[in-house]
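We call the chains A, B and C, going by the order they appear; numbering starts again at 1 in every chain.
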């Protein structure tokens, strides 16, 4: 009897999670309905006019702001994260590895509001002269140069996001790198490869889809990040003229305006939430696909990659798992 | 002949340079990645400590910041509100999260339903935290026609914690060797006893670690609380009413800044980071001392 | 040492024939390969001493087999010869490995050059999973040669040398992982041949293969020694007897006995060798 209680109780819990998400989606669509029926779904997403007083809600400036800031975050964050992951997993002396890894993961523990606080009162003012210098020098480049640099701007938001996604991208990259069989690395070294040539020959090709997956999980985070961006982006509901100008994002508009919103405005904010939801769903689903594919190829534990920083110490030593599963058939490994 | 070949095949300057340059760049990237952490911690301590005083922790924020630049009060209500709301959120999310993980590992396994559940748990991990706030708002505030309340904030935080707890618990439960399960079942123990006596105790350290990390994450979240628990100055233990929290108070102070409020924000941020880091470090210590299997 | 010549099936050392680079194996040409001398070699994993002072000579253009029970250090010994041992975290080696008199552990010697000159074939076939057959073979050469012309001939020569050309020449652009286990291992041999090494170390190259694939590799080894010096670690004494000119018996990180294969298996001098080769332990 208790067995069945346990079994069905736990099954009910699991099903409740499914129900919860579907329920949320349906209710969110319901709340967004007035805005969508007034402006149309396409009209809402692609109209460049967010004017609360005129009751006009076209979310294009928010969508573009979200894409610009999270794109910047990828551009700046991923190369650093992957390079740091390579350093920690392939080059770092063993004594320093543990400490450096923990420090890097602590970056993920800093609350978002603290990033915002630091970003607006330290980072943005300190970087403003440098940004202005770049903007002046590159005044002939559209979108980057020419304008007046404001303290809160797209670039600062992207930079803060880059710092925030760094630990996740790096942690997943490291997990994938740990599944590269020692055989492949030794094969390249035995051909007379240097460390870098070994990384290029044996490590990177093997990890490509896992790293892409990690980057996309980071992108998902960047798209959905709210509070830090709200603090440093300036919350100006128009398409920013240039990189160092103020903007807005989907998440920020909700955090900033929801408190005072009523009627159509509130519905438009729900609609913005829905767009954000769908956007992150797509990005995350793609990311999972890549990470799972990487995990399936190696038979390692990457399919279970949990993007939280703390999952690292919990996971089984990936190298051991990889050799245990990889030992069976040389041909089964596939591509 | 070999001697010539050894010399001839030695790394060319170009290859050697490339190797060194790339290794240097990777070390550089690691340093660059750690610079923000150092800067943030430095500024937090530098600015935060000067805001700290005994009364900082024992007084509520006053809201008298519009005309005077002093007497803005401390963070008592925020600190207590965070603790109370996160405690309730944990009380919900940890059992449910571990329960779902148990189902996945012990019953669902590789069935299609388990795959669907796993996928949706992954989806939940990727949902922006502000949407959890919106969700609770739609269901418990629009849906019931009532106002903000501490327990609604807790529920939003619990939703946020749930996938984190489930994911880490699943990893840990999978580490419990099947041989242990089988030997318990072979002794005639029913499955629930096997789970209660063998699986959970074996995985305990890992479960605690995962849960603590989820708690740390929830404690630092602002967005889910904005439209669920809202904001108040007063200390309150009434989960049915408005509640203050550290992240929300910091957010409010940052977005309507006067010098005194910004100083209070730094002090509160230092307190929040200390709280979160303590949770994080204790999670790591536990996972180090009590590893599964 | 004089009895060595009588044991060896073919006398291959012809010091006069000395082309600039080793040619691909064929039935007619032979190339002078170097002699490898190991002197006072000690190898460590952390503090644990795995090799406790090894002195042995591995003669040119011969196949030397290293046998011994698991954990005796035979793999460590070959991995010390091309300095792969030091790639294991925490591992290091002391002593000398002389390649025609040149100490490979000399600080002035470039470790990547050592590995170019002394190739290695591993226990498990390990072609690069993301590369085609062609790219696998070309991988080593590309490190130094870039994408210069002539790569095709080099790849063909290496594949012929590994006895794989006939089987794969029509599908060079297919992934190396698509081959059978034995073919993969020969692909790995081709990969090390492509950089034209003077010696090849084989660490239990057939332990993951079926008997027919094993036979092919053994025939290949007999061919290859015309151009390179070969050291093969094996746990299979029949294999040692079949392919090796000389056999080294190791125990507990020490060298017990070395001699012509026939003598080691039929008339060992050391009682421990006798116990091992007659199957009393190990």
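Keep in mind that, in the parts below, contacts are C-beta pairs under 8 Å (C-beta built on N, C-alpha and C of every residue); 3 or more make two chains touch, one makes a residue touch a chain.
Not measured: the values here are computed from a predicted model.
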Worksheet item: Which two chains have the most C-beta pairs in contact?
Response: A-B
Worksheet item: In terms of Cα-based centroids, which chain occupies the most central position?
Response: A
Discussion item. Farthest chain from chain C, going by mean C-alpha coordinates, please.
Written reply: B
Worksheet item: Could you state the distance in Å from the CA-based centre of chain B to that of chain C?
Response: 53
Fill in: Computed distance of Cα centres, chain C from chain A, in Å
48
Item to complete: State, to the nearest whole Å, the distance from the C-alpha centre of chain A to the C-alpha centre of chain B.
Response: 16
Worksheet item: Counting only residues that touch at least 2 other chains, which ones in chain B make the list?
Response: 9, 11, 15
Worksheet item: Among the residues of chain A, which ones contact at least 2 other chains?
Response: 192, 194, 197
Response to the item:
Multi-chain touching residues of chain C, meaning two or more other chains, are 112-114, 116, 143-144
Practice prompt. Spell out the residues on chain B that touch chain A in their complex, using ranges where they run on.
Written response: 9, 11, 15-16, 18-19, 22-23, 25-30, 32-34, 36-37, 39-40, 43-44, 96, 99-100, 102-104, 106-108, 113-114, 116-117, 119-131, 134-135, 138-139, 142-143, 159, 162, 164, 167-168, 170-172, 174-175, 190-192, 195, 206, 209-210, 213-214, 216-217, 219-223, 226-227, 247, 250-251, 254-255, 262, 265-266, 269, 272-273, 276-277, 280, 283-284, 287-288
Fill in: chain A-facing residues of chain C, complex
82, 84, 87, 89-90, 112-116, 119-120, 122, 124-131, 139-140, 143-144, 175, 177-181, 184, 188, 191-192, 195, 208
Item to complete: Flag every residue of chain A that touches chain C in the complex, lowest number first.
Response: 94, 181, 183-184, 186-194, 197, 201-202, 205-206, 208, 297, 327, 329-331, 333-335
Response to the item:
Listed in rising order, the residues of chain A that touch chain B in the complex are 2-3, 5-7, 9-11, 13-15, 17-18, 20-21, 23-24, 27-28, 31, 79-81, 83-84, 86-88, 91-92, 100, 102-104, 106-107, 109-118, 120-122, 163, 166, 170, 192, 194-197, 199, 217, 220-221, 223-227, 230-231, 251, 254-255, 258-259, 270, 273, 276-277, 280-281, 283-285, 287-288, 301, 304, 306-311, 313-316
Worksheet item: Which of the residues in chain C come into contact with chain B in the complex?
Response: 18, 32, 34, 99-102, 104, 109-110, 112-114, 116-117, 143-144, 198
